[in-house]
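After this come two complexes, each holding subunit A, first together with subunit B and then together with subunit C.
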Partner chain A sequence: MTDNILEVHGIHTLYGESHILHGVSFEIKKGQTVSIMGRNGMGKSTTLKSILGIVKPRSGSVLYKGQDIDALPTWKRMRNDIAYVPEGRGMFHNLTVKEHLQMAARKNSRGEEHWTYEQVLDVFPRLQERLTNKGTQLSGGEQQMLAIGRALLTNPDLLILDEATEGLAPLIRKEIWDVIRKIKATGVSTIIVDKNIKVLHELCEQHILIVKGKVQFSGDSQALDANREFIESSLAV
Partner chain B sequence: MSVFSTKAEKVFILAFFFIALGVPLFFNENTFYVNKISTMLILSIFVMSLDYLVGKTGLISLGHAMFYGLGGYLFAIMVPEYEEVNFWIYTFYVMAASSVIALIVGLIVLRTSGIYMIMITLALAQMTFYFFADSTEYGGLDGLFIYLKPETSIFGLNFLDLDNETHFYYLCLLSLFNCYVFFKITLQSRFGRVIDAVKENPERATALGYNIFHFRLVAYVLSSSLAAYAGYLFSLQYGFVNPTMMSWEVSASALVMAILGGLGTVFGAILGVFVYESLHYGIEHMTQYWMFWMGSLIIVMVLTLKSGIAGLVEKLVTGKRK
Partner chain C sequence: MDMSLFLVQLLNGVQYGLLLFLIASGLTLVFGVMGILNLAHGSMYMIGAYLVYYFASATDSFLLAVIIACVIAMIIGIIIERFLIIHLYNRDHLDQVLLTVGLIFIFNAAQSFIWGNDPLGVEVPELLSSSIQLTDIVEYPVYRLFLSVLCIGIALAMYYVINNTKLGMMIRAGESNREMVENLGVDISKLFTIVFAVGVTLSALAGIVSAPIVSLVPGMGERVLISCFVVVVIGGMGSIKGAFVAALLVGIVDTFASVLLPGMSSMTIYLLMALILIFKPQGLFKS
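What follows is the complex of A and B.
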């Protein structure tokens, strides 16, 4: 068995005729927290969607826990203990907070249950107060917490957070980052797509920079420091 | 947890079943109305099963009457001629057979959705319609007669006589009640939450690790087999089954009743059927141009009542309590 929870090998993804990913490759070790950075429209979300099978890469392959998962439909990949918190959070307006959590909750594929309903409410006391509200009646920060809580209740081995702090007030952002630190401490492998280099530097063991559908930089936080100028210029609008 | 989603639903359901229990006592001289209301109760089961599919699962079928008709045909075909069979055993047979058919049909139609699903369900229902209409073996357009109504004994106890209008009425009422409770329980389980999520955003539900096809298939089979049960009751009430039961007009008017009652409310199906059928009956006896008035009224109701008659009940109940 390999040490890598995820290996992405040279994926090319196209939306119709437009070529978005030009051979993206990287590896993520078990238990690692990895950042994916890049300006808007550079292919970060497309990379995630290709990993999950929401869009199908034209070529290349994705290995998860050493297994080639290219042939699996999205829902089966998720059943193998991947959790995805999408950009825009994806609330269901006809479900309450409690119902959101109930419908998501399940043991992982090995029958383990690291996260329970109560534990999630402990981590997000704000959700406790909002149990009977509909998903879309929540503030942006609360929606984000619910989206993360919902993902945790599937007891994942790999957690994927797409722009989890996007469009939130600084105080709420801090709260979200604190939770991500707590999640990290439990040893879950995590992919974080974000633009906040400072926090990512502290939180992640590995960093990946995607520019125009290609990996332009990949390395640990030390390497990040050494290339800081280049990376910051690549992120600046 | 209560089976009721809202206060209005609770008030309506309790009032409806309370009044319905007394209906045969009120009309004890006049079996015409008891029969009429029995039919409405049967239709309510049918429309409720359609609402479960359309309003809750978000799958629009214009061929739901196929199962309504099949319910009757399955019984008429399976039952040995001139033999008194047991109602409960044949209820099981009819529902099991229609579930198998629904499973096969579901495997085909659920590969599509939206407008394509409307087309394919319509096409399948029309195929079935013409199959029975053209078959000499199954009586063509005249259909099949059910000569003997089943007996209803359980372990030798016989307390229901299906030839007795009042008894049959209570059987329909009990069936509607069971059907309502069954649908509500499934909707409030985890299955129901996932169904809600699938309707709202199928991609998101997939990303949470749910195979939406499986969930849609289960909902489709549940809904179809209860539609078949309603058709089975209908054919027992009138003693025959014919292809018009599965014509597309039946599917379409059921859809109108579901929308009128309040799509996705479940209890709205009962409101839709009773309002539609009462108006139909009333206007039909007032003027020969009843279709014109009926159509106009439906247009007005759909335009003014945004969430159907169930929405109106909701407003009345919550309004009074303020």
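What follows is the complex of A and C.
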């Protein structure tokens, strides 16, 4: 068995005629928290979707826990204990908060249950007050909490968060980051797509910068410091 | 109209409405969850009726015939979804209409080939063949009451499954955001097969249980399909609750119209639909 929970080897992904990813490669070790940074439209979300099979890469391969998962449909990849919190949060307008959590809850593929309904509500006390509200009636921050809580209830080994703090008020952002720290402490491998270098620097062991569909930087927080100027200029709008 | 006649017509209207609900619920469920407009839905009603006719005479047991017919209908549903409908999920409604209209022709040809075009009838099972005394002079057939109770039972069961079980939550979630349901590790294609098979089986079941009180004729599926579309449009496309209310409304209005306004009864449900759509263009319960 390999130490890597995820290996991405040279994936090329196209949307119709437009070539989005040009041979993206990186590895994530078990238990690591990894950031993926980059300006909008550089291919961060497409990288995540390629890993999950939501879009199919033209070439390259994705290894998860040492297994080639390219042939698996999205739902089967998720059943192997991957959880995804998409940009836009993926709320259901006709399900209550409680139902969002209930419908997603399951033991992981080894039959373990690290997260229960009660634990998720402990981590997100705001959701407790809104259990009977519909998903789309929540504020942006609450929706994000629900999306993360729902993901946790699938008891994942790899958690993927796409723009989890985007568009939220500073106080809510802080709350979300605090929760991500708690999740990190449980040892779940996590990929975070975000633009907040300061927090990512402190939280993540590894950083990946994607520019125009290519990995332009990959390294730990020390390497991030050494290349700070380059990375910040790559993120500036 | 005196009181007893009114009561009988009301019971008939409710019973017809409940039966319409059984059919329309499958139509609206498949549309709401899967985005599929299945025009062959009425054909399953017809197939159900003919199947129960065939197996009732072959086995001499109505109950056994009902069970066999339901199983066959479900298998037909699974086959249609797996081999045909599966290609339509990413296409527009016009393609769906073309395919499912084609299915209507196939089902009609099969019906005509196997059973011929003469009207057929199924006997009311003996256990339910009596009548009960409603008033001094009015009797009401037990079988029709049984139909109403059965439909109410199925409606309650559907309500429970959709609102209180994990399967029901997944179905509703699929209605709202299909991609996210997959992202949560749910095999959406299996979920769709289940929904479609259950949907067409409900339609077939309606044909099965109404076989003893209607005559089996070619084209019976299309007639019921049109009434069901009226129900689904009045109730709001995709809404089960709406289908329930609308089906009762259509059933009662249609029944009374045929008694009170025999000359124009065939247009009353469309007038009802037009009237409701003026005030509620999305139907009564569009979410």
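In this text, the second predicted complex is superposed on the first by the 237 of 237 C-alpha atoms of A that agree within 3 Å, B and C clash if a C-alpha of one lies under 4 Å from a C-alpha of the other, contacts with A are read in each partner's own complex, and residues count from 1 in each chain.
Everything below uses one rule, namely that contacts are C-beta pairs under 8 Å (C-beta built on N, C-alpha and C of every residue); 3 or more make two chains touch, one makes a residue touch a chain.
Predicted model only: the values in this text are computed from it and were never measured.
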Clash or fit (per the criteria above) of subunit B with subunit C on subunit A: clash
Between subunit B (first) and subunit C (second), which does A:Gln102 come into contact with in this model arrangement: first, second, both, or neither? both
Under the stated touch criterion, which partner chain does A:Gln67 make contact with: subunit B (first), subunit C (second), both, or neither? neither
Of the partners subunit B and subunit C, which touch A:Thr116 in the superposed model: first, second, both, neither? neither
After superposition on the shared chain, which partner residues are touched by A:Leu52: those of subunit B (first), subunit C (second), both, or neither? both
Subunit B versus subunit C as contact partner of A:Ser139, first or second or both or neither: neither
Return the residues of subunit A at which the contacts from subunit B and from subunit C coincide. 52, 54, 73-76, 78-79, 84, 86, 90, 92-95, 99, 102-104, 106, 150, 154
Mind listing the subunit A positions that touch subunit C in their complex? 52, 54, 73-76, 78-79, 84, 86, 90-95, 99, 102-104, 106, 150, 154
In their shared complex, subunit A is touched by residues of subunit B numbered 190, 193-194, 196-197, 199-201, 203-204, 206-212
Sites on subunit C touched by subunit A in the complex: 166, 169-170, 172-173, 175-177, 179-180, 182-188, 287
Touch list for subunit A against partner subunit B, complex: 52, 54, 73-76, 78-79, 84, 86, 90, 92-95, 99, 102-104, 106, 150, 154
